[in-house]
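Both of the next two complexes hold chain A, though its partner changes from chain B to chain C.
Presenting the complex of A and B:
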């Protein structure tokens, strides 16, 4: 085999591969011109304005789906709760409509502090680590059927990891991380996870509607409906219904006095 | 009969995941949920069928006449990468729904060695053009079956009390290994008994 033939072989290899590469390059650039998809500018702008956590709080499959729906003009622009006022303003600007007023940011919080050492347990549970699975077995392994089951189903659904375990095996929401998507509220079987305003200073950390003596037997830190908070802080918005104190946050008076005098100490700072 | 033989071979006997151990990256990476696993599986079927077809054409019409078949690997990579790009653009234009369903899985397949594998195997076995296409399709179908089984298994594994060190990828690999053992039941004898 002489030199010429070998050189020819190298040339063929070069032409073959380079030719294919150039061919594909030209083909693809032509294709991208002919097959270009006209993207709606509004959709892209709105998508950028959204928080991109894809939590689904708006009822759509994700931020991209919601952006498309908003751009089509058929849906309300205020469905994105995680984005809050800023996102709403941005979307209103893009869609050139007036931004509707929205109230203060809401966050979620667990209204229960009855864990190991304070609450009574009726049996030991070692099944699937899921609150809804435990709830099927007689409403949970605590004597109190209203409290936090502590298996962390809310931790699993939280898209931003705002929920974590506390030192007694229950969960607690970090209000600065919470994006108000409400997924934890949907998943919680005992409905012990409830909305509170972001500015809430105190919460009544109990969810039990049992009568005082029943609550007292089941949990050391349960609200017994004694109405002392209501009497000590009349301006604090404490309302006792069904043996449970619930704070009406539209009342802005002093709540400290009532919290300090609470016999089971279940009114805690948030 | 050859086509049935090829289908049974690539789906069961030399399944890309369980026997040849090709394409393990997406197999472990995208098998956490059944939905996304099915999406990935169909995307692989789609790309590997077309890739097998196109690489056959390139090999037999360009590489063989030029006598540069030793460049098949790099050429096939080039072809598959360009092809995936083109297919992605076409799907986006023609069917946005399908594009959204396949989503990020389509560009991911560019680097899936199962696709390159089927192109090289089809050439190695000297398949004809339709045989290549069928081989590509059935290799993809085998991948879909494997990833579907695996994702269904992993969804259940999530709820089990697995020792901490084994959680995630380790237990997935162990399960995949056990499944591969199961797939040893399919061998050439079975094929001979089935179609003679």
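Presenting the complex of A and C:
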């Protein structure tokens, strides 16, 4: 008798649970039919086409947010710099519009090589490890007020770890890892981080607009604006403005001669 | 005596370290052979240089003219000639023009007897213009031009004047010595300010670690039959901040972004009171201030009356030089001061102390990650959330930081003082505030 009662109890429980399961099953299937969210297929497709690094270079909170904005049709489709031409083509195809032409991939690079041993320092800094904090104390602890401060604020903001310290305590960008989001350029207080084309063979690794003698006192490898590079490589696109040589990369002539003859050796291979 | 008052929340109690210099009477420092006088020694617009290279200047002559509404005059501390006008960086990182004076000629004021000016017949506006003329700024450290502070509009009703003799920063003893040595002058200075701001009640807030100053001022007030009230306060940092002092003495809170004027009060440091006394009664411009030179690496800790523009190196030398190689030299107190990289920096109107710390005392700790203990939240007297503010500033989200009240941070440093992970919180807020203002 006791055994039968116990078996019955188990049976009731089984029926009860199975019944609840069926009930919820029906409920869910109804809900999925009548309460389904209409998804925009385009959003999903665009999201897949985006590089998924969530860097924020487009100005949106991430790739998903940008995909939604593009699908709504109110936003330019060429805002994703990390994706480059391929992504742009894919998005243009999804949105059935013509892909606008974009030039060559741009990357960032630090235009300074004046670190420990080459540049003059005016004081020892022991505060917060942030370039912006150091910059507020009279423009940094280097005598030159244009150079890389070397505290790595750009390293902190880089979403893909393309920036690392070099052997003289400054930072350097790996152009193959860089996704052109431009966050390092925004954060850099001295604006020593600048855009260059991916194919750039040489860079003038100096950012100083000081006059030649002033730069020379502050740093051994600073551009003194001597114009020798301009003379030696007239086709190379060296333009000297405000005592600083800047390469115009639309000129494709030889830059080798000018770089080799540079007195402070600040024109370096990238 | 009343119950000992203090502000309600937050704050810290660092070791006072005042014994080394609190018994040292104020001495006149040597006259500098060369004085460097920056044009930006106050909050607001820098003064405009009104002398040229080669000009001869007299003692107390106007050399920098106030150039805006919030600005202050600057006078020559020594007679001499203008040798150079240079561009320099102040410890706070401000780039400014500075006049380099070479000592020459005779003193026309120092050591001479003058007739006391009877200011009782002057109106509040006249007194205010004298204060403006003499370039008096708040000597507690903020260097806010005094004539702007005391320019009370007719619609603003001021009922209380608070005199700040708290000196809550560790190490500093300049205000303490001033209260002990010049009580009568201070009381007269208070009367002048009281007339300027038309305040009914006067309170003098002093922390109980200065019992001699409390009893002396109380006695002098009783002798002169004045209605001033000396308020003893519990020893707690940052009680010397005007907003905390208001909270402690009057239990009134200044609204966020507001001034003490908004709640009918004016707060003034004792150093400022003395400068106003000298300006009004003796027609003396603000060309010298009392500086505490102390710390573990200086031979003779002292309180010196230093002429503005004297090089820090000369001041330290007068105190016997360095006992051990210094690790850090801080202008101001250890909690809110700025460390300097160059001992040839001049003493400016805002330098209340020169703190010379040995290498051992100025050890810099490596910071560890935040362990979310919440001590900084408890310590913040302004009810801010340092942990959250830090995260927002580190991710350059200045808008969110401003919404969280970044601008209400007075940089008192309590959060950093209590942080067990040694996170540079207040340092981050300092630069965050400047960057947030730019954006």
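We adopt the following convention: the second predicted complex is superposed on the first by the 235 of 270 C-alpha atoms of A that agree within 3 Å, B and C clash if a C-alpha of one lies under 4 Å from a C-alpha of the other, contacts with A are read in each partner's own complex, and residues count from 1 in each chain.
Note that a residue touches a chain if its C-beta (ideal position, glycine included) is under 8 Å from a C-beta of that chain, and two chains touch if they have at least 3 such contacts.
All values reported here derive from a predicted model rather than from experimental measurement.
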Touched partner set for A:263, first chain B, second chain C, both or neither:
neither
Partner chain(s) touched by A:59 [first = chain B, second = chain C, both, neither]:
neither
Once the shared chain is lined up, is A:138 touching chain B (first), chain C (second), both, or neither of them?
second
Once the structures are superposed on A, label A:187 by its partner contacts, choosing first (chain B), second (chain C), both or neither.
second
Just checking: does A:128 make contact with chain B only, chain C only, both, or neither of them? Give me first, second, both or neither.
both
Which superposed partner A:9 touches (first chain B, second chain C, both, neither)
first
Contact-wise, after the overlay, does A:21 reach chain B, chain C, both or neither (first, second, both, neither)?
first
Just to be sure I read the superposition right, which of the two partners does A:35 touch: chain B = first, chain C = second, or both, or neither?
first
So which positions on chain A get touched by both chain B and chain C?
128, 130
Listed in rising order, chain A residues that touch chain C in their complex are 122-124, 126-128, 130, 132-133, 136-139, 141, 156-157, 187
Chain C - residues contacting chain A, complex:
89, 93, 95, 341-342, 364, 394, 396, 424, 427-428, 430-431, 434-435
Chain A - residues contacting chain B, complex:
9, 12-13, 15-17, 20-21, 24, 27-28, 31-32, 35, 37, 128-130
Under the touch definition given earlier, write down the residues of chain B that touch chain A in their complex.
58, 62-63, 66-68, 71, 74-75, 78-79, 82, 85-86, 89-90, 92-93, 96, 159, 161
